[in-house]
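Shared between the two complexes below is chain A, which has chain B as its partner in the first and chain C in the second.
And now, the complex of A and B:
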């Protein structure tokens, strides 16, 4: 089943119920803590972390300020290096370009590396439905997630929600892998399976972590080796990148890369870093003979032109914000229904898909600010989420928001009530009397519409029969005004 | 067409504030062998620090003896000087220099070899990484396909940190087709302690550092 942000509430409810039956939530929280602790150990202390965030934030800010120039510079150098640079305005155009490359090189088998952009443009499904080419996921966790017909659960560890026995069950069911209790046997089985596919592949498709303008190179990070396979064994390599992935120079790219590995997996560097400068030279025995780089816009240049939202494109996709987010840790990735689960996607997706389509994402945020405090490139997540809520409430047409008339009326009434002391007292007295009908064991667990949905996941303590102000007066304590007058 | 549209849109924004500071990374400093060994070991590699090339040969011979199967090696001067075929005593085992293979034979041999041997361009002390530049003298798959990978480096090739690599590569006019920076073996990265360990790359990695006195 294809998930979408519109299904957020339904899927979140299912996930919470399922997690209460298993230890997934405990596991996710524990892995998240481990990752954060390890990431911190590379910084030494918080001041070091702040310094790194400032440097990285500046790098990304500079990259975005000069985006058009950097893209042109990268294109020039990459072309001089022998790469074919293509530009796609949207996902469909990018998919068509890949289809044309497949036809031109008569590609029968493709291996792909993990890429969020490929998921965003739904490239795998396009290839499956429009070509006769077989596409194999080369990334271990992506491979298992694919066998399980799910999207990835976590940026770094996509099958974080599955234990060994579940993985064995899935692989037994889909691939006839013999039952085993040994993780090493599962690894050996997948290793051999993927190795055959890497050997057969005519084409490798990967994402790009950074495109380096000064050298015309592509920088790719990974732990498993599947990207090295996909960019070494097949004769054609297609790299797909979004426009904001370009960096001015190698210094910047290496600096940002170190932040991805620290914040994503808690490593000082990923096991493999590939710096690809073009097709293999004639004398080389391996490496691709043709390299294509597809630069995909897919709505980002419109975001770029909006002064308020441009910095949303700073994100380096480390996923650190997700493992610090209390909402993500409670519900996991699936409810977000997009390739960028957690706060980073909640910043980007409303700008690409519209505020109505994605309303549950930014409305689910508790505004605790943990994402913003930890973001290695200083993205002000909360500013985005609050602005989205404002635009949604006001029915902003540019970002496809329609306001809810009932919500609007309700909040206008609340504002009116709170604006005047007497009205406020009267409203509170009315509410106190009304809610008494719903109290069970000192708690309100259910209320009728329009408050019913608020109580689905929350209980409210009984509203005391007397307000604090009334109690204060009754006890004869002096008010602040009286104290001030006496002084 | 799309190119022009995208660039025109991006260019319609002209930054009102000048770009902020550029980060200047340090120059080029040599790194410590001990730090490199410690970090590489932590990443899952086994390190041997030896005094000369004779000791390198002895170590390689030990590893080859302990692990069966064919050996494929690169054609870098350092590796060729080891005369690897002379280190393989069993007659049924093959030692193959990748460069002299035809492409078809290379593709067959690379998948059938159990041990890959190369040198590297630099190593990085801070992370315990190896930096390989790929060419017809050092094919990409030798350090990836065989389950056992051996890399031989000299201590003077060790640099302090990764940004120094940027300072060396950036001014190069002609870049090799690819660089690989390799740090140990793939760590386990899943709910179970072993899932993912060495999944697509080598399962074991040996680094022999020649520290000349």
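And now, the complex of A and C:
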């Protein structure tokens, strides 16, 4: 199922209805949130946590300021470590590179770790349609999603949207897994299944959490072990990363890693931390014989040119903003129609896909600021959404934003009505007279467009015959102007 | 103490009673209130929908009207945030206006913030024998950092029992144009707010934001007619007489 951010409203409505049946997502997210809060208390009270966020935010800011130098430094050291570093300008190029590696090494089966970037460039589908290679999804959530022909649903908690019986149903249907009521049996089944694949695979593909410039190493975090398998058992390992994943040194990488695990799953450290320093040496028995690192741009260096938008690349993908977002919690990942659901993706995707394509992402936001408050690298989400809304309102070719003429006219006319208090009073009187037709027992329960949708779930008190300003006057209080004149 | 009233549009037009309650309460507490009847809208709806030119005009007009006042107090943390924090941002490219915006910024307060932090009044001598829960509105909490002040004022009410509200810091789902553009998502959020309120066992849900009030009460009026949210100023004003008698 291919989703697009344009379908946001429709998919969101379906997901909201489903969520209301169960309320699972909101409940589980609040559990996850509590775990993360506890894990963050390692830094001390809230002000100390704020300091940790500031430090991490500065690390990311500095990484980005020196991005080009860090990437070159990483390339140099990674090459010295024996890795093959490749540069892909866009998703298609990256996919072709993977295809060439597959051909060169006559790869028959691949296991893959979770990577949002691979979803962004649609690598799995490319491999399936263009090569004869069999691709196995090694990540639990990805594995189940693949069987269900959907996309991955959550950053951290696997299959947040499915209950056990649904998962059993899917696996029974597609894999002939025997029926069971035990979650542990499902996990055992998948483990057995995947273990054989990991052992047979001739290539592993993974993402990258951080590329460390000073040592030329790759840092990967996970809890399931599929990445450890994919990077150590097959003879070829391909790591694929976007340009912003580089950081200066191990101190930076580990500081940031600690904030990822604390804000993602509420762990002080993930179960597996892999620090990879190139292929196996000649005398070593284990490890891949070849390691490729594909560094993908896919529109990011253009984003980079704008000083403010550049900070969109800070994100370390912990997913905390999503579990804090009142919108995400009600609609889940699907409506966003991109691999980075929730506020962090809503910061990045408009810059990669254009503001028209992604308008629902930054418009379907209450501006509550919970994402910004909790972000461990201090991304100012609302400043982004605000700027997108401005570009969209005025129209902007560079960012593919087309102004909506009706919306514009409406706001311009409201602004005009508000520009002068006499005009405002007349407009209010008009609105009062008009809405009177819809009042029963001091409340309005229904009205035509453009306000109709308010009344889908809510009533509105009638507009009283006396406004505040009229009250002030009728009570005989003097206005500030009159007071001043007397003085 | 002289206080200039900054009345949000929603209060001027619809929630007029909250405005009256503010006048009654603050007059009773001895404040000298002034009101500029030239005021209309602070420009927040234009700003959040991206209409920056319109927001700038509204900001300049607001500054001209209010800049000579000593203290400006509003019933909406959201509107105060617009004036206090967003005006300097949107006027950043006009140095003269920026300076005026920054000066004004220091003189604008949300009601509970003003009462506790500036006037030093926590106890207004009200009384309420019952359970009350408090909802933290987003801009008040996160943009202005006002968290303890309303709670302190409520805690000072005689005989009151403050009960915890689940997810008290989560948005109520209003979000301005959001509530019209994405009504189903908005409904789903406000529904949980109402549920948490009812589950809290409180008789009244107190908050300090007119727009949240319209949203939450709009939902409660339709689905749970026995329940009601109240603006803190109304809650205090209504119970001040009882408090005097208690």
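As a working rule, the second predicted complex is superposed on the first by the 432 of 487 C-alpha atoms of A that agree within 3 Å, B and C clash if a C-alpha of one lies under 4 Å from a C-alpha of the other, contacts with A are read in each partner's own complex, and residues count from 1 in each chain.
Operating definition for what follows: a residue touches a chain if its C-beta (ideal position, glycine included) is under 8 Å from a C-beta of that chain, and two chains touch if they have at least 3 such contacts.
Every value quoted in this text rests on a predicted model; they were computed, and no experiment measured them.
Using the touch definition from the top, say if A:297 reaches chain B (first), chain C (second), both or neither.
A:297 contacts chain B only, not chain C.
Looking at A:440 after the superposition, I want to know if it touches chain B, chain C, both of them or none. Which is it: first, second, both, neither?
neither
First (chain B), second (chain C), both or neither: which does A:125 touch?
Neither partner.
Of the two partner chains, chain B (first) and chain C (second), which one does A:424 touch, if any: first, second, both, or neither?
In the superposed model, A:424 contacts chain C only, not chain B.
Tell me which partner touches more residues of chain A in the superposed arrangement, chain B or chain C.
The larger set of chain A residues in touch belongs to B.
Could you tell me if A:404 is touching chain B, chain C, both of them or neither one (first, second, both, neither)?
neither
Looking at A:414 after the superposition, I want to know if it touches chain B, chain C, both of them or none. Which is it: first, second, both, neither?
The second partner, chain C, only.
Output check: A:364 vs chain B and chain C. Expected answer is one of first, second, both, neither. What do you get?
second
By the touch definition at the top of the document, which applies to A:269: first (chain B), second (chain C), both, or neither?
Once the two structures are laid over each other on A, A:269 reaches chain B alone.
Could you look at A:172 and tell me whether it touches chain B, chain C, both or neither (first, second, both, neither)?
Once the two structures are laid over each other on A, A:172 reaches no partner at all.
For the complex, which residues does chain A have touching chain B?
Spelled out, the residues of chain A in touch with chain B are 27, 55, 58-59, 61-62, 65-68, 71-72, 81, 87-89, 93, 138, 140-141, 156-157, 159-164, 167, 183-184, 186-187, 190-191, 194-195, 198-199, 214-215, 217, 223-226, 228-229, 231-233, 243, 249-255, 258, 265, 267-281, 283-287, 295, 297, 301-302, 304-305, 310.
Which chain A residues qualify as touching chain C in the complex?
Residue positions touching the partner: 9, 12-13, 16-17, 19-20, 26, 30, 326-327, 330-331, 363-370, 372-373, 386, 388-394, 407-408, 411-412, 414-415, 418-421, 424, 428, 431, 443, 445, 450-451, 453-454, 456-461, 463-464, 466-469, 471-473, 477, 479-481, 483.
Provide the residue numbers of chain B that touch chain A in the complex, in ascending order.
By the definition above, chain B touches chain A via 2-3, 5-7, 9-13, 15, 17, 19-25, 39, 43, 98-99, 101, 103, 106-107, 110-111, 126-127, 129, 134-136, 139-141, 144, 162-163, 165-167, 169-170, 175-201.
Looking at the complex, which residues from chain C come into contact with chain A?
On the chain C side, the touching residues are 4, 7, 9, 11-16, 19-20, 23, 33-41, 43, 45-52, 54, 57-58, 61, 69, 138-139, 142-143, 167, 169-171, 173-192, 214-215, 217-219, 221-222.
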